[in-house]
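These are the structures, in structure tokens.
Here chain A shows up in two complexes: once beside chain B, once beside chain C.
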Partner chain A sequence: MKSHKPTIVWYQAVTCNGNTHSLLSASSSRLELFLNSFDLIYHPSLTIDTTLDDILKLKDIDFLLVEGAITSDEKYYSINQNSTKNILEKLSQKAKYIISVGSCASYGGVHKKFEQNDDILGVEEIIDTKKYKNLKHEIVNLTGCPVHPEWILQTVFSLNSFSRMSLDDEKRPRELYSNLAHHGCTRNEYFEWKVEGDFGQKEGCLFYDQGCRGPMTHSSCNKILWNDVSSKTRAGMPCIGCTEKDFPRENMLETKKNIGIPLDVPLGIPKRAYLSITGVAKTFKIDRLNKKLMD
Partner chain B sequence: MKTVDIVERIEGEARLNCTWENGFVKDTQIDFLNFRGFEYILEGKPALDALVYTPRICGICGQAHLKATVEALENIYKSLNEELVITNKAKILREIGLNIEIIDSHIKWFYMFILPDVIKLKENDLKEYSPLKGKRWLEACKTASETIKALAIIGGQWPHTSYMIPGGVVSDPTLLDLTSMMNYLDLAINFFEDSIAGVSFDKYLSFNSVDDLNILNEDLKYFTNLSFEYSLQKYGTSYDRHLALSDSSISKRGKIRQRLTDKLDLNKIKENCDRTFKVEEDSKNKEKHTWSKAVTYNSMFYETGPFSRAMVSHREFIYELHKSYKDSVFTRVMARVDEIAHLLHSTKELIKQVDISEESYIKPKISLKDIPKANAKSVVEACRGSLYHNVSIEKGIITKYDVITPTVWNLGPAIKDEKGVAQKAIIGSPSLDIAKIVLRSFDVCSVCTTH
Partner chain C sequence: MENSLKLFSKKGFYNTTIPDIAKAMKMSVGNMYNYFSSKEELAKYAIKYSTNILAAELREINQMDISSKEKVYLFVKNYFENVKNSPEVVEYFLRVYLSNREVFKEGCEGFLCVGEFVTEVMILLDEGAQNKEFREQDFFPAFAMIMGCLGGFAFLSGEAVLDKDLLEYSDPIADNIYRALKYEES
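This part shows the complex of A and B:
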């Protein structure tokens, strides 16, 4: 692959750098292929010979990847002596594709909770895509706190090969966000039979008490495993719904209930249907599911 | 002459201002211009939500923040004489997670943030050390990524898991899980032997004199040679006072001013905001130039980090290097890389000690919501040094949360005429390149200062 490689600019705004470290934790053969297939010409933590000023002088960028929320407030945030909003606008004019990497870039995320700065936004809220002539595609939101590295790689490779991706209402790639975090969770059987779990156990479902949002969160965390080995819910940590717009919510590690029943039921399931099935399932005491998985 | 430079390839961005005289840095100032307001964010939030929020203070040392939050909340129980029982298994699994994150960070720091700059002093072409392309750079990245898998086994993912909770940990690893974790660490040990130190792991761990530098091969030898060629064993010295607020599996708490003591009183830690911007004021005050606060112990600046840990714990190889090369860039970098080996060794031992038949988690009998009012502190040794959390809650809601990160200890501004630790270290640098390397030797994290 010696021909011209599509250029990538990784722009960091208001961020903890978590998505950068997620990317670096990608499956190493995949990351190597990615770095070999594209020319990552600028990343503030990684590249050495290019400055942001150099990038601002370029005419075109193929892929603009944005990490972090955006603010025009220079009191709280400035990069290269300019506001993150100004720089984003300049970079966006050059880009063929803009990808918001992570929940902060997508809609402000955790940083939006810093209310003393009431001007924290996601990329999509700032960039009016009609105004940017170079753009070949809608802005793609890769939500998640952080985003899964493989989702970044698949999105960039896919846009590069097919110039298109089907997006959902939140502008997330359908192929990555149509599934729920629940799909593929190793605790599914406990969910089906309403066997409640607790922290520190391999057994039981975390939906009933520990606040797990797996059944209402769009993500492929249990389909494409994290760090190639596991997922939060597999390990025993409830899904906190970090790919959804309402993240971070309040009381993320407990289930809001009404008369002992989870207030929020699985996505799209009528409450009556959920309650009926729950009632039936609970009348059975399945021995195997109430025992330790391994003794 | 004055220079103002934006420094990238740290975590975040910083501005380095230098005044020059006769070709040397006469005075300097480090500005962190970004603020994300985590302490403000945490106010009014349910206490347990801090377990989700604080890891997100930093994408590289999130597990240190998680551990600090968990221990601060557990110390709340302790302060009310309701101390929680935490099983040995849970304690070990927390320590393992923290250690793995530190190993990951140290490897990345050396290959991504330090070595390229040091090589650049001599060579224009970084060859195998080139970011994103070079063979060794990619191997280092791969090693970090493989190592962190060991943490994902117990945490579910990395970055940003909250697998530690008051009462224990959420996961319950099997023997097979523990074995896989050791496998991933063995990959890192192989990399340390083959590429970092170029000597066998056991031999390296037995290093105890400055002459052992001659046994080194591979990247540490390369780094050592370049350091001596460009006098990095002379530049970067500061107060040579060291602080480690917490014990860890490889180091002890304590401080060295002139001599070592393990007597520490957290009440002697004081933050200073004379030169720090404030949220409440629109500062045009010329004294104020950074979002980082300054922090002192007993009114004195102390360095913190892997080097300080090695000094306080009297780790022989580093202790001996310090005798010859003081608190220079060279010693500081060597101490951090040295810690990789000791952490790998200790973490493997810790994994062997996990008794899978123990409970991972014992539910607290009292909910934080039922506690009218309480306050507690915690300290953790993070990759860059000592981390301090101080939380106040009322009926389960956070009323105040104070975080002091290692970067604040090392890279905070001056107080009156007294220079901050890194500031003092940069003075005397003979070039901007060296000044930046001195700055980097502290592992600058601007996202750390923006709590």
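This part shows the complex of A and C:
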């Protein structure tokens, strides 16, 4: 188990495994570089010769990547008769860096919606980092449902090389979450001229009816493309705001409106100004934008 | 500008000439052209000017800490006071802007010249629906309910067919508008 490479432990708590799937969907050359650069000593779905008990006997770990929400309620969820919180605390005593992978690990995510258990939290909420002198950095939240695989890789590479990352108020890396999903969206011209679109179509903006949260969601989905080629909005699926703290919201595929006026408007613009601009923009009927891109 | 609004409203767009307007504005025809390249351009400026007066008043009401119902009552009263005290502002809208659409076709398309006022109506409706005083419906029927009603009544006033003073109709009209918009428990 001795290694010259930085060690990575991937701990799974209350999760659907979606972030693991995401990691496995990383660009093959990047994933190969990752596996060659780090020693992934434990992942419940990927490694076979190490158990969680083995990991708990280790003295230290370089990177602890946590997937899934955490609960202290053993009746609700336990691993080896132990709560996910207890195990997390033990692992946290050993780690130099803790990274919450995905929205569930960051804030509780979809699991926090269960009314039967009000003790489901994100990593940062449930552990007191001041207790862990071994930690070299504050907890990094990589939000997303799932998180983009490249964001995971970029974060561990950055922390490994520079020992620190600039984080925003939600403890997300600024270089990955300063953009909005709207930036780089190929539908931006439809957005500007208020041309609405339909689910799954190449044409039109998904903000007005389909619930797209691109203009108010911090993420680089349209800048660092998924599988190097696409994104939800590029494929005709509205952004559901999965990198934000209020995810998952209700009725995510419809735009909440009051008397036809969107309840939420793009970040940073007062509603009065937004309504004024869009009212004018809708005046113009641009033939090119009302036609199919390809007949 | 009020004088040109009065002239346009009284004589109609085509019967009003630039010399008429220059005279009313107490300036030479040559000087007029320093400001407006044509009668059409003046007419477009005039619609922005007149609706921006209404927009500023409605914005003030929108920013008050009162219920949406009270805002509707105040807005209607305000609008009728405008019709009574400055009839040219509303009459210009009804008798020139709505009646001579071809003049406003380029440069005043859609909401382009009346955008500020329409925005304030949007804010009024949006906030009313958000605080559950107004029921959910499409924007345009709600917009037409308010402005159709007010415009229609201003027209009746202009035709001098009303029995009573215009302001005496303010509350009943506001009541009608509010009832058409108000939230109903299902």
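In this section, the second predicted complex is superposed on the first by the 291 of 295 C-alpha atoms of A that agree within 3 Å, B and C clash if a C-alpha of one lies under 4 Å from a C-alpha of the other, contacts with A are read in each partner's own complex, and residues count from 1 in each chain.
In this text, a residue touches a chain if its C-beta (ideal position, glycine included) is under 8 Å from a C-beta of that chain, and two chains touch if they have at least 3 such contacts.
Keep in mind it's a predicted model, so treat the numbers as computed, not measured.
Contact with neither chain B nor chain C is seen for A:Glu125 once the two complexes are overlaid on the shared chain.
Contacts of A:Thr15 after superposition: chain B is touched, whereas chain C is not reached. Of the two partner chains placed by superposition, only chain B is touched by A:Leu46; chain C is not. Of the two partner chains, neither chain B nor chain C is touched by A:Asp60.
When the two structures are aligned on the shared chain, A:Ile259 is found in touch with chain C, with no touch to chain B. Once chain A of one complex is fitted onto chain A of the other, the partner contacts of A:Glu192 are absent, as it touches neither chain B nor chain C.
Taking chain B and chain C in turn and counting the residues of chain A each one touches, the greater count comes from B. Once the two complexes are laid over each other on the shared chain, residue contacts for A:Lys271 go to chain C alone; chain B is not touched.
Those residues of chain A that touch chain C in the complex are listed here as 257-261, 263, 271-272, 275-276, 279-280, 282-284. Of all the residues in chain A, the ones that touch chain B in their complex are 12, 14-22, 24-28, 31-32, 35, 40, 43-48, 51-52, 75-81, 110-111, 113-117, 145-146, 198-202, 221, 226-237, 240, 242, 248, 250-254, 294.
Only residues 59, 109-112, 115-116, 118-120, 122-123, 125-126, 128-130, 134, 136-140, 142 of chain C touch chain A when the two sit together in their complex. Per the touch definition, chain B reaches chain A in the complex via residues 6, 8-13, 33-38, 40-41, 45-46, 48-49, 51-53, 56-60, 62, 90, 108, 112-113, 116, 120, 126, 130-133, 138, 141-142, 144-146, 148-149, 151-163, 165, 167-172, 174, 180, 277, 279, 282, 359-361, 363, 447.
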